[in-house]
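I've put the structures underneath this note.
Both complexes below contain chain A, partnered by chain B and then by chain C.
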Partner chain A sequence: MDYLESIIEKYSRRRNFLIEMLMDVQHEKGYIPRESIFYLSKRLSVPVNEVMRIATFYKTFSLKPKAEHVIKVCSGVSCYIRGGREVVEKLENLLGIKVGDSTPDMKFSLELSSCSGRCASGPEIEIDGEVYGNVKPDDIEGILKKIG
Partner chain B sequence: MSDVVNITIDGKECKAEKGMTILQVALREGIDIPTLCYHKDLEPYGGCRLCTVEIESRGRKNYVVSCLYPVEEGLVVKTRSPEVEKIRRIIVELLLARAPGSPELIKLKEEYGAKEEKFGKEPIFCILCGLCVRYCSEVKKKYAISFVQSGVKREISFIPEIALKECDKCKECFPLCPTSYAQALYLLTQALSGGPST
Partner chain C sequence: MQRISSYEDFLKLKNRVQSIMASSERIISVCGGGGCSSKDGKKIASALKDELGKKGLEEKIKVKLTGCHGMCSWGPSIIIYPEEICYLKVKEKDATEIIEETILRNRIVDRLVYEDEKVGKTPHLKDIPFYNRQTRLILGYNTKIDPQSIDDYIALGGYSALVKALTQMSPTDVLEEIKKSNLRGRGGGGFPAGQKWETTRNAKSDIKYVIVNGHEGEPGAYMDRAILGGNPHIVLEGLIIGAYAIGARQGFIYTRHDAPDLLKNIETAISKAREYGFIGKNILGSGFDFDVEIHLDIGIFVSGESSALMRSIEGKIPEPRPKYIRTSVSGIYEKPSNLNNVETWANVPLIIENGAEWYSKIGTERSKGTKLISLSGRIKNAGVIEVPFGMSLREIVFDLGGGTGNGNDLKAVHFGSAMGGSIPKELIDTPLDFDACAKLGAPIGAGGLLVLDEKDDMLELVSYFLDFLSTESCGKCVPCREGIRQIRKLLKKIKDGSGTYQDVETIREICDVQKEASLCALGRTASSPLESALKYFWKEFESRLVKEK
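Moving on, here comes the complex of A and B:
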């Protein structure tokens, strides 16, 4: 729990920085480990259910570890009507998981992202920071093979 | 500065202390206002909106939730009016879509002539009144149950690490729940964590 102690110290143990602390945990670990919720609650004297409520409220925080490759599918309206829904369905079928989950081998996580403004090239997916535009359901298998 | 204010509820003149809410005065005067999320030992929450009343203050008409609205001098309150009834009827209809079959909601449905099928069923059974969460935190100070997620996905969730240790000997939130969902969710939590802890 050393990393938590240094995060707590960074904000002088002040409970009104709970969200910032959780953001640091998310950044450092890639997710919010369950123990960290109990630890923060105890050290800051904030009720556990309060920390839990905040940690699950914001989309930034994930209570599940993220896999090696994070696939983000744009859920904006433009991408959606240009075929984004079929892209999500195809990804769910190929990976055998639902949005928000990771494959059991921790290779891929699937999530939705907000509109990034590149609507003209929708439907769009982003994998490890690399953007793929005009994605058709049939392209996906190839993209996934290329990555891993 | 006097700490006593005069207000009128349904034509009845009442004296109230500053800081009281309309609902508290009405309860004291024996005037019936329906509520789902109110509990005398808990902080007012304003979650169910069922206690909506019509007020007239400085010549303006407005609709407010009586469990949160503090009394003020000269306030005129109507706990029943066609508009108030309509607001409550729609609230009951919306809640019934989430929690069909809840005895408390069915009673309200009959009282306000709500139609159960108006919004189509989407049974989640929790109406997010927060009674269980707030009772556990404010009265019992055990924090065994929490609100999680946001927006349409918002729901209650027992925290197994605490609930399995504390809930068996308490269970005081079960009868507070208007839909019995708290109890059902607790049993699910137990089952998912490998049965009752001994």
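Moving on, here comes the complex of A and C:
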């Protein structure tokens, strides 16, 4: 639980940074492990249900581990009208999963992300922090192959 | 760094940083903004530095990685000062040629220059229509300063307004100036900022708060990022001035979690401002204390709503509350809390520095100053612009934006994203104005302008916004949570070709209930895009309805 202690200390144990602390847990572990919810609850004297409520309120938070590579498709309106929907459909078909799920071999997770503000180069997908702009459905197979 | 504790100290500092800036023969500004960061601004900047190093020019010629230049479709762009030569779609491998040709031989690299049918090839900023039609009072800093450097901002006049306010004006003077300027909130509502400040100032409480709303959750809106990421100090300066006028000693900056560079720039800005003593105890020897902390949105649209945002600063779920009592009277921890949008705060130093009279000469009768607009969708020059209120939408879309850029005709422009509305091309001569646009059912909102062409389907667009809102709604109140779901179902029926006139009537009824009975603006305006589509593009609905016998 060392990582949790250092996250709690980063925010001087202040309860009003609970959301930021959960964000850091998610960054550290890739998801929010069950025990971290209990740990934060106890250390900050916040009821478990309140921590749980925050952890389940935001779609950014995940209570399940994410796959090795997380594919985020920008869900902004400009990307959407410029072909983003077809990009999502193609990804779902190729990976055999729906948005919000991971492949059974835990290689890819598929998510939608909120508008990145890079509307000039949409549709856009981001994989492990790498941004791909002006993506067409036909490009996707190549991008996935490159990643592994 | 020394602490600045008087007007004289500040003047000395300003002179010093100005002479440092003047010591460079040339400055090469490389766009590292949000829209360009995926396009290698960092790599280009370091390639340019390497080239300069090889030629022994690194002292004379400075390379700056700046915030958003604005012309995102043409990014990454670089601007060479003092000539203001603008190169577009620059690649890392162009660095050698730029240094050899332009820096050493004063020759233009032709293939990196802007070109269109009207103006031909134009290397200078002042000849590019995208730039020369703008009034870049706020954005103008972006191309000239390193967002991590407080000295850059000070050299260009930054923090002078804060020094003026704290050493020459009383809090009431500051408030009166803002009221006189008629500055209206840029986050969506267009509410007079001075009036809001006054409410918090007059509220009875020892503790008061000021907040920067940098949530910017509207799809297609990215101008606040351009300001906060490119010049966080202008926002911070506005916030400190506002806190002084209102009587707040604690401020909050609420911003997005998913933009690491943006966050880093804000954090650096706060710590540099603290080192100079613009934040902390006894600022500039005035006896005024003020501090700021950053809170993050974790990615839900509703947390940009003021009462929800304030809950989230307390570390709680961002659910809005009914506003019988305004947040300016009872907000964070039930204390009076004044919240303004990023762009609103950024206007404050300009008004204090130049005066309300100067400010109110820009814009229209009831919408003063400039407005940042982010252009997206079917538009040639997507990016961020800053134009005076009163400019026609035609000028924005065609002269600055370059039209649809894909050969298709314009169909409509959509303002205000999921809470806004569309304006058909027939009304494109409408001026940019809070009230004129709202009257047409397309309130400016935060300033995201989505351009649609003749091939775009309004029902698809409206469905997109409702899908978006249904996942971004907090779910607390029934009209919003259930209303959106029911409208989506009926809309799908219409799209599938089995909708009836009665279904349209039902949709209208649900819209009415939502507007009346939802807790917050998200629910109240959830149906706005749909209603404007029904008003201006009824044919697209009607042609899909089952014909009654």
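Everything below uses one rule, namely that the second predicted complex is superposed on the first by the 139 of 148 C-alpha atoms of A that agree within 3 Å, B and C clash if a C-alpha of one lies under 4 Å from a C-alpha of the other, contacts with A are read in each partner's own complex, and residues count from 1 in each chain.
Convention: contacts are C-beta pairs under 8 Å (C-beta built on N, C-alpha and C of every residue); 3 or more make two chains touch, one makes a residue touch a chain.
Please read all numbers here as calculations on a predicted model, not as lab measurements.
S.K.: Just to be sure I read the superposition right, which of the two partners does A:Glu20 touch: chain B = first, chain C = second, or both, or neither?
M.R.: Second partner only.
S.K.: Which partner does A:Tyr3 reach: the first (chain B), the second (chain C), both, or neither?
M.R.: Touch status of A:Tyr3: no partner.
S.K.: Could you say whether A:Ser121 touches chain B, chain C, both of them, or neither, answering first, second, both or neither?
M.R.: second
S.K.: Quick check for you: in the superposed arrangement, does A:Phe57 touch first (chain B), second (chain C), both or neither?
M.R.: A:Phe57 sits against chain B and chain C alike.
S.K.: Does the superposition put A:Ser113 against chain B (first), chain C (second), both, or neither?
M.R.: After superposing on A, A:Ser113 lies in contact with chain C but is clear of chain B.
S.K.: Return the chain, chain B or chain C, that is in touch with more residues of chain A.
M.R.: Result: the larger residue contact count on chain A belongs to C.
S.K.: Touching A:Pro47, do we find chain B (first), chain C (second), both, or neither?
M.R.: The first partner, chain B, only.
S.K.: Once the two structures are superposed, pull the chain A residues common to the chain B and chain C interfaces.
M.R.: 50, 53, 57-58
S.K.: With touch defined as at the start, can you tell me which chain B residues reach chain A in the complex?
M.R.: Checking each residue of chain B against chain A gives 133, 136-137, 143-150, 157, 159, 161-162.
S.K.: For the complex, give me every residue of chain C touching chain A.
M.R.: Residues 34-35, 37-39, 72-73, 75, 216-222, 225, 257-259, 295-296, 298-301, 312-318, 374-378, 382-383, 417-418, 450, 452, 456, 460-461, 464-465, 468, 471, 474 of chain C touch chain A in their complex.
S.K.: Could you pull out which chain A residues touch chain B in their complex?
M.R.: These residues of chain A touch chain B: 38, 47-50, 52-53, 56-58.
S.K.: Which of the residues in chain A come into contact with chain C in the complex?
M.R.: 14-20, 22-23, 50, 53-54, 57-61, 75-78, 80-82, 113-122, 124, 131, 133
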